[in-house]
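Same chain, two partners: chain A is paired with chain B first, then with chain C.
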Partner chain A sequence: MSYLFCMWLVLLILGLVAVASNPAPYFAALGLVVVAGAGCAVLAGFGASFLAVVLFLIYLGGMLVVFAYSAALAAEPHPEGWWDVSVLEYVIFYLVGVGVAVAYFSSEWYNYLLPVVSVCKEFFVLCEDVGGVGVMYSLGGGLLVICASVLLLSLFVVLELVRGASRGALRAV
Partner chain B sequence: MTPTHFSFTTAFILGLMGVAFHRTHLLSALLCLEGMMLSLFIALSVWSFQMGVTNFTPAPMMLLAFSACEASAGLALLVATARTHGTDRLQNLNLLQC
Partner chain C sequence: MNPYVLSILLISLGLGTTLTFMSSHWLLAWMGLEINTLAIIPLMAQKHHPRAVEATTKYFLIQATAAAMILFAASTNAWICGQWDINQMSHPLTSAMTMTALALKIGLAPLHLWLPEVLQGITLTTGLILSTWQKLAPLALIIQTANNTHPFLLTTLALCSTLVGGWGGLNQTQLRKILAYSSIAHLGWMILVSQMAPQMTIIALITYIVMTTAAFLMLNNINSTKIITLASAWTKAPALTALTCLVLLSLGGLPPLTGFMPKWLIIQELANQGLAATATIIALTALLSLYFYLRLTHALTLTLSPQITNATTPWRTPNKQPTLALSLFTIMATCLLPITPTIFTLMT
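And now, the complex of A and B:
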């Protein structure tokens, strides 16, 4: 396992620490961008190129635009970053916890730090995730229909939730 | 436990602790949920790749579709809360009056 791959793994954990340590939503969305990029790089390091592209496009193209809009909705004049005391103590707490977990589990990691194993799959003709996702359109057609109907149902849920203050699921009494 | 397994497990647990502990905004709780779903996506993809199970690779795609449903419902709740309460701070959700 190369050192660059380990750097992406470390960046994955650090991005989740940045999201989970209760900053303002602007900075938490920035941390989630870092997590999505690092996760994409991890999947690409495993050779799952199609899933990496799907992850990157869905998260950065779809969800984070909506999250940026909602962060603008929940705006505040002085957003607290990671340098504030109330956030910084969460950051230190999470980092100490991760450090304890690393010290507990890292005794067997020297096997995986050698760049040996991950090359032997390159003799395959078929790219594995592209062929696998193609199965979703043939054998997994029923699951695909279920996914589409769930998305349609969530559209109606959203329309019912934001319907208005007088009607709908959530109203001011 | 390999370093990859350790990192996405730690990412999931960090997101779970971020949801469970004190949150100021509703939106940051939703962001922690997104981080958890992202680590689950990485876990399913890495599992199907390390085991060589080609037929399992649609499962992360469907997880992504369901996480889109979850994100849309959460954001709709956020918008409705900002309408009725005027803000999305979780302290205001304890109030019985609007």
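And now, the complex of A and C:
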């Protein structure tokens, strides 16, 4: 389990490096797929399996597909790979940065990491995240109403920004 | 824009700031900030013009970055200290990160570079909302977290802001950029005392809002965004032009006007705290700001170009624009200094 877990964490970091270093949106989308998948695996490993499924379905299944689709329509036809010198510089820079941070924080951050893995989970019938869902719908009802109204607001915002071919805001007319 | 959509956006703008004001929990405060950002975006891109859209995009990217940093700092704080309370963000790492993110949100130097660019791209009325109402929520958070922030960070941000706000405005010919730099400089004054006397921050904020509202409304009334059009402003509204000069000098902080009050009280507070060097530096940087306000005043009222206006002068025709808010804010921006003790007692 620990080895598998380490693999997911390393994959998460490598995916983030891939997103941050490459300017082409195709490869950024690919890196985000890796990040989202590995992140969901890490969440599931920490015991938040419901949260992991929600994140996987909504983020990867919904948002990222639309992003990849629109990127495929808009991006340049000859993107740079990770082995071009301009991108490779960033890859090496970020990897060295991560290595330095790990070397610097390895003694103290492990203490923060360790208790999260198993916070007295033997005492609960439900997982923490399933319990959290219940609390969200009972105690956090008011906040859910606000969240729903913000979703409505963002619908209006997006419609106002992109409506009409002649009044399209995102291109010069 | 459809009036229904406009009212939804304006109500949401109010809701975001109110949520941030009332929250003691970082997550709710973050939600309020995000609602604010979302609601202002269609207002900024209202004129479908490439410059406005560019400004909107820049604003959205910067605000989203700052909000993500705030969320990151708050969740890190919850991870380390186990609580989400705004007043008790005691870990030095997270409080410094939060203050940096809030500085990015309201445009304090050295994180100010987006503000002049964004303000230059949008209309004067939207610019007015951006430089007054949009500052309220982050400033409320700054006042609440300033107690736990390292004073060095606050003083650095403040002195950088007043210096950059003065220097950056020196060679500008665009009025909206000058107002943006004036905003940066004023925010620097507010941040400087936010730790030792938060009520001074509020006094400075109120006077800044009054003065900058008067300035924006006046420029909107004479429909001018460049210094060169200021020179012919007297043909449109002679009395208003004379008053604009006073409002600009009030922004600069000259004694018989309202703008002197926050500077006076803040420098007094700094002297009481024994920070003579800081007080001297910040008073000297105010001179830089005063220079470009004087330059505007010079172009506006002190010179008259030696030419004959060969059209009917527009001031002979009645002005159809609403002037109630303009007159109220002009009076407040010029005449509030005598009631300084009242305001001071009200705030403390």
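Methods note: the second predicted complex is superposed on the first by the 145 of 173 C-alpha atoms of A that agree within 3 Å, B and C clash if a C-alpha of one lies under 4 Å from a C-alpha of the other, contacts with A are read in each partner's own complex, and residues count from 1 in each chain.
We take it that a contact is a pair of C-beta atoms (placed from the backbone, for glycine too) under 8 Å apart; a residue touches a chain by one contact, two chains touch by 3 or more.
Because the structure is a prediction, the values reported are computed rather than measured.
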Is A:143 contacted by the first partner chain B, the second partner chain C, both or neither? both
Would you check which partner chain A:100 touches, where first means chain B only, second means chain C only, and both and neither mean what they say? neither
Which of chain B and chain C A:36 touches, first, second, both or neither: first
May I ask you to decide whether A:65 touches chain B, chain C, both, or neither, giving the answer as first, second, both or neither? neither
Scan A:57 for contacts with chain B and chain C and give back first, second, both or neither. neither
After lining up the shared chain so the two structures overlap, which partner does A:156 touch, if you call chain B first and chain C second: first, second, both or neither? second
Larger residue footprint on chain A, choosing between chain B and chain C, goes to B
Following superposition on chain A, which residues of chain A contact chain B and also contact chain C? 112, 143, 147, 150, 153-154, 157, 161, 168-170, 172-173
Chain C residues within the chain A interface of the complex: 1, 5, 8-9, 12, 15, 19, 28, 31, 34-35, 38-39, 41-42, 45, 48, 50, 52-53, 56, 79-80
Quick one: which bits of chain A touch chain C in the complex? Just the residue numbers, please. 112, 143, 146-147, 149-150, 153-154, 156-157, 160-161, 167-170, 172-173
Footprint of chain B on chain A - complex, ascending: 1, 6, 9-10, 12-13, 15-17, 19-25, 28-29, 31-32, 35-36, 39, 42-43, 46-48, 51, 54-55, 58-59, 62-63, 66-67, 70-71, 73-74, 90, 94, 98, 101-102, 105, 108-109, 112-113, 121, 126, 128-129, 131-133, 135-136, 139-140, 143, 147, 150-151, 153-155, 157-158, 161-162, 165, 168-173
Spell out the part of chain B that touches chain A in their complex, as residue ranges. 1-4, 6-8, 10-11, 14-15, 17-18, 21-28, 30-32, 34-35, 38-39, 41-42, 45-46, 48-50, 52, 54-58, 60-62, 64-66, 68-69, 71-73, 75-84, 87-88, 98
